[in-house]
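Chains: A, B, C, D and E, in written order; residue numbering restarts at 1 for each.
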Amino acid sequence: MRSPLSALFWRELRIARSVGGGGAMGVVFFLILVSLTPFAIGPDLNLLSRIGPAILWIAALLATLLGLDRLFQADADDGSLDLLLTAATPLELIVLVKCLAHWIATALPLVVASPLLGLTLAMEPESLAGISLSLLAGTPALTMLGAIGAALTAGLRRGGLLMAVLILPLTTPVLIFGVSSAAAASGGTVPFHIPMLILSALSLASLAGAPFAAAAALRARDA
Amino acid sequence: MRSPLSALFWRELRIARSVGGGGAMGVVFFLILVSLTPFAIGPDLNLLSRIGPAILWIAALLATLLGLDRLFQADADDGSLDLLLTAATPLELIVLVKCLAHWIATALPLVVASPLLGLTLAMEPESLAGISLSLLAGTPALTMLGAIGAALTAGLRRGGLLMAVLILPLTTPVLIFGVSSAAAASGGTVPFHIPMLILSALSLASLAGAPFAAAAALRARDA
Amino acid sequence: MTSLLARDLCVDRGGRTIVKNISFDLRAGEALVALGRNGAGKSTLLRAIAGFLPLSGGRLSHTGAEAEIPLPELSHYVGHADGLKSALTAAENLAFWARMLARSDETPSPSSALQRVGLKRLADFPVAYLSAGQKRRVALARLFMAPRPLWILDEPATALDIASQQVLAEAFAEHRAAGGMILAATHAPLGLVDAATLDLGSAPADLGGNA
Amino acid sequence: MTSLLARDLCVDRGGRTIVKNISFDLRAGEALVALGRNGAGKSTLLRAIAGFLPLSGGRLSHTGAEAEIPLPELSHYVGHADGLKSALTAAENLAFWARMLARSDETPSPSSALQRVGLKRLADFPVAYLSAGQKRRVALARLFMAPRPLWILDEPATALDIASQQVLAEAFAEHRAAGGMILAATHAPLGLVDAATLDLGSAPADLGGNA
Amino acid sequence: MLKYANPTNFLALAGRLIPWLAAATALSLGAGLFLTFFVAPDDYQQGSSVKIMYLHVPSAWLSMMCYVIMTSAALGTIVWRHPLADAAQKAAAPLGAIFTLLCLVTGSLWGKPMWGTWWVWDARLTSVLVLFLIYLGLIGLWQTIEEPAQAARAAAILTLVGVVNIPIIKFSVDWWNTLHQPASVFKIGGPAISGSMLWPLLIMAVAFTFLFLTLHLMAIRNEILRRRLRRLSIDAAHAEEKSEATA
């Protein structure tokens, strides 16, 4: 617990907790998004259970990305980012640890909450397990891709939308395979493990690549 | 064009236009959200046209609210908000004008773009007109409600999610009547003008009430 | 405005009384400098007088022709934040504040105010590209864009170079000669001649002895 | 680190060469103060030396035992932004930076560093509740949390009261006596005895004549 | 009345009231549960699942009553800036959230046998869910703003804005065509429910009200004490900080 990276990790978690209960807000946002859909679509349970996985995945996508926009912005504003550059720790590792803390504080609660929300959308039990597993496998990719967007917009002081606009298109593959593995879980022609493998591969690839992209973007900022 | 309020109005528009801000980003976000849905749901045109109004409305809701989070935050951070309090103009009017500028920069482009996006969702022509009109009538309520959330979180320096969590539940009536007027436009049991009237009433009520709530919230901030 | 009278002002923050029983009189042409160590409550006092924080006790009143106008509308406040939009140019920022803060319709042109602070040539640059001291000078130029009798200045000389500090001292003298008042908090000399001082002394817990 | 050598440093920003052909030598125990009017390029130069901005020309090298360690990792930077998280307490902030910036495992306790800047009792308060000068003092306390030979300080005395300026001057003397170096930009006296000065003179538009 | 608005007097009063309220809660809850499980008849249609009603309906009432109390406290905060009103508001939010959750959970449990599904998206259920979300938002706001007086004002504004939801919950069954039962107890023309079910229900409602009052008073007391502690520690720290610096 004495290394710089663990210090960073705990700092991030502590800050996340201080803001409206951190992860809790992400889950509540997720909950709200999921419950808005039936308001809009109407109370047709067949339809809802048909598009349930899609709703949950889109909501998770948005909750993850929107919580991310201040990942580096806050550090850039208060000068922490400059100081992190003078640490001996490579910036890539710093990015990775920040993402890890963010994933634990924001995405993990979504994974845990998703089966409950799926219930309100009248999804079947196998489907519920499928959605949880697919979120577990897929959200790391979302967080890492989002980190690239957050790094690109760190200096700009109006992240929010701009960051979402930059990164959302890149997340389409994750979304497609996420929904299809959730769908495969409740029967279908594709066996469950195929989209899950692809999803995990996407997550691994972005875990490997995104820290470099994000670190480069952070260094390129006109500080 | 010489009054304080018109000066404020033009300043807001100019800022929205600069730095990847306001209008354009909102529309792009809207566009991306709408086009993500078919990826998630699959290319079933019947289904898409069935839930088209719902998708468009949810996307418009999110694009409006998420663009709003810095409405007052930016002014609070750079000290402008303090100075605005020393102006002779009542804070309620200042809030109203800022919302107006924001609506023109962000929501109006959505209204214009929505029929085009509706086409991609295979919606019928009457439905397209309906969705545009309902967005025109309903988005002012979204902007004004969002302004309350923006004012409540102005001092907190990580509005985004919290603001959405505070305000989204209050927007449900707008969403419900928005979608139902869009649906009524393409036939149905309810005549089009009833949900439209309710929607307009919601917008008028929030135009009348929200500036007071938002101004009170801004004054309550520990500056 | 011919005078500003403060009697037993108290300001609470975070559940604590930060400013306790402060009284002073300020008359047209006078200046008052709040002194005291970090955390003494200088900024808190100034922000309360400018109307950004509620008073928890005491009375603040002003006399003169504008007695019925609320005090904040008679005051210019320059604090730690510059109140500038970095996407807009210096001239655009100033023109906006002139419209917003002036009571009359004819306001001086931004370029003449920027000239006074020696930034005329940078008038059309976005504020984002200015140095710390240049931004601060733009913020101070706001004082010239709308005539207001009371200037409330929280460490106004921060980041200013020697020449600009001189300009500021001259502006102070001119404002006072025209019957204006100045209320400033500072740790460094501001070039205010004959200014009264208000010593907030030590950290607030000590002031009232409620430790 | 026994010396820092800068030869013909140039830094570009926004398409303009802001810092042009700056050379200096700094040896163990020495201090160098960058002077110049607002916009002269002091902050730009300091940020380039700290590694936050790329050099567009010139050479920066250092000698001594740590010659193979990159310069930023040998430097403490204190700029306009304090680098503190307002939701965390002063002690938590400092403990974090000690872990992050120190090369060895044993770092001084935050409370001893806060004691030096006279804030020990406020150690467990969220930084959000501190005054401008108190925040600045917490930022400066970072200098004591990890030993690094080069201190790069951009207007470090901003918002400090007289007593804290004194503390800072003592810290400077101690750091130099232990063989450290100081590179500072300032408009106000810093209490640095025998410091060399580096005059960046006027705004770059004049420097390069590209008005 | 105003005398008890002073936090110190309030603490004394609360200290005296809480044991009595707790006793009243225990008594009425005991009586209510006994009536529910041993006296009240099973419904001829619903069988024993009707017993859920005795939890569901009181918690639904309390979820709304709590919001109404919170709204009055919010007015107190805005009009008088009274710290007691702040504490009353803050203490009410989590209680309201819990009662609302209880209403939602018991409703869902009841819905499964009655309507064949855990959840439908009708106006009554939806508006209760919105109430729950508003409570959650308020809790988030309280947690995020550290400074108590400021948090109280922000929460008060949000509470007042959200109060429109209460009549919507109450009248949703009359305004829209829903699956959910229309009002049968509080309605014009007297209750449309047999006495053997009405009495246990009313007693349970009284018990829940006592439970709420006890918990609310206790939470207000905690909040006032927490604030005092916080204030004392801040004052002490600043005093010592000063002496340390001058030493």
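In this section, a contact is a pair of C-beta atoms (placed from the backbone, for glycine too) under 8 Å apart; a residue touches a chain by one contact, two chains touch by 3 or more.
By chain, UniProt protein names: A, B = Heme exporter protein B; C, D = Heme ABC exporter ATP-binding protein CcmA; E = Heme exporter protein C.
A quick note: this is a predicted structure, and the numbers were derived from the prediction, not measured.
Contacts with subunit B and subunit C are shared by E.
Counted as hops between touching chains, the shortest connection from subunit B to subunit E is 1. For the criterion of most C-beta pairs in contact, the winning chain pair is A-B.
Note: the chain lying farthest from subunit A is C, by mean C-alpha position. Same-residue interface: subunit C and subunit D share over half of the residue numbers found at their contact.
Relative to subunit B, the most remote chain by averaged C-alpha coordinates is D. If you average the CA atoms of subunit A and of subunit C, the two centres end up 45 Å from each other.
Centroid to centroid, with C-alpha atoms defining each point, subunit A and subunit D lie 37 Å apart.
Centre-to-centre separation of subunit C and subunit D, using mean CA positions: 29 Å. For the pair subunit D and subunit E, the distance between C-alpha centroids works out to 54 Å. Residue positions 126, 133, 136-137, 140-141, 144, 147, 149, 234, 236, 238, 241, 245 of subunit E each touch two or more of the other chains.
In subunit D, the positions touching at least two other chains are 14, 80, 86, 163.
Contact of a single residue of subunit A with at least two other chains is seen at positions 18-20, 25, 28, 32, 39, 42, 157.
Here the chains touching each other pair up as A-B, A-D, A-E, B-C, B-E, C-D, C-E, D-E.
Subunit E makes touch with subunit B in their complex at residues 78, 126, 130, 133-134, 136-137, 140-141, 144-145, 147, 149-150, 153-154, 157-158, 160-162, 165, 168. The part of subunit B that touches subunit A in the complex is made up of residues 19-21, 25-26, 28-29, 32-33, 36-37, 39-41, 47, 50-51, 53-55, 57-58, 61-63, 66-67, 69-70, 74, 156-158, 160-162, 164-165, 168-169, 172, 175-176, 179.
Against subunit C, the residues of subunit B that register as touching in their complex are 2-4, 7-8, 11, 14-15, 18-19, 21, 77-80, 82-89, 222-223.
Interface residues of subunit C, counted against subunit B in their complex, comprise 13-14, 47, 50-53, 69, 72-73, 75-77, 79-88, 92, 95-97, 99-101, 103, 105. Remark: subunit C residues 12-16, 37, 39, 202-206, 210-211 touch subunit E in the complex.
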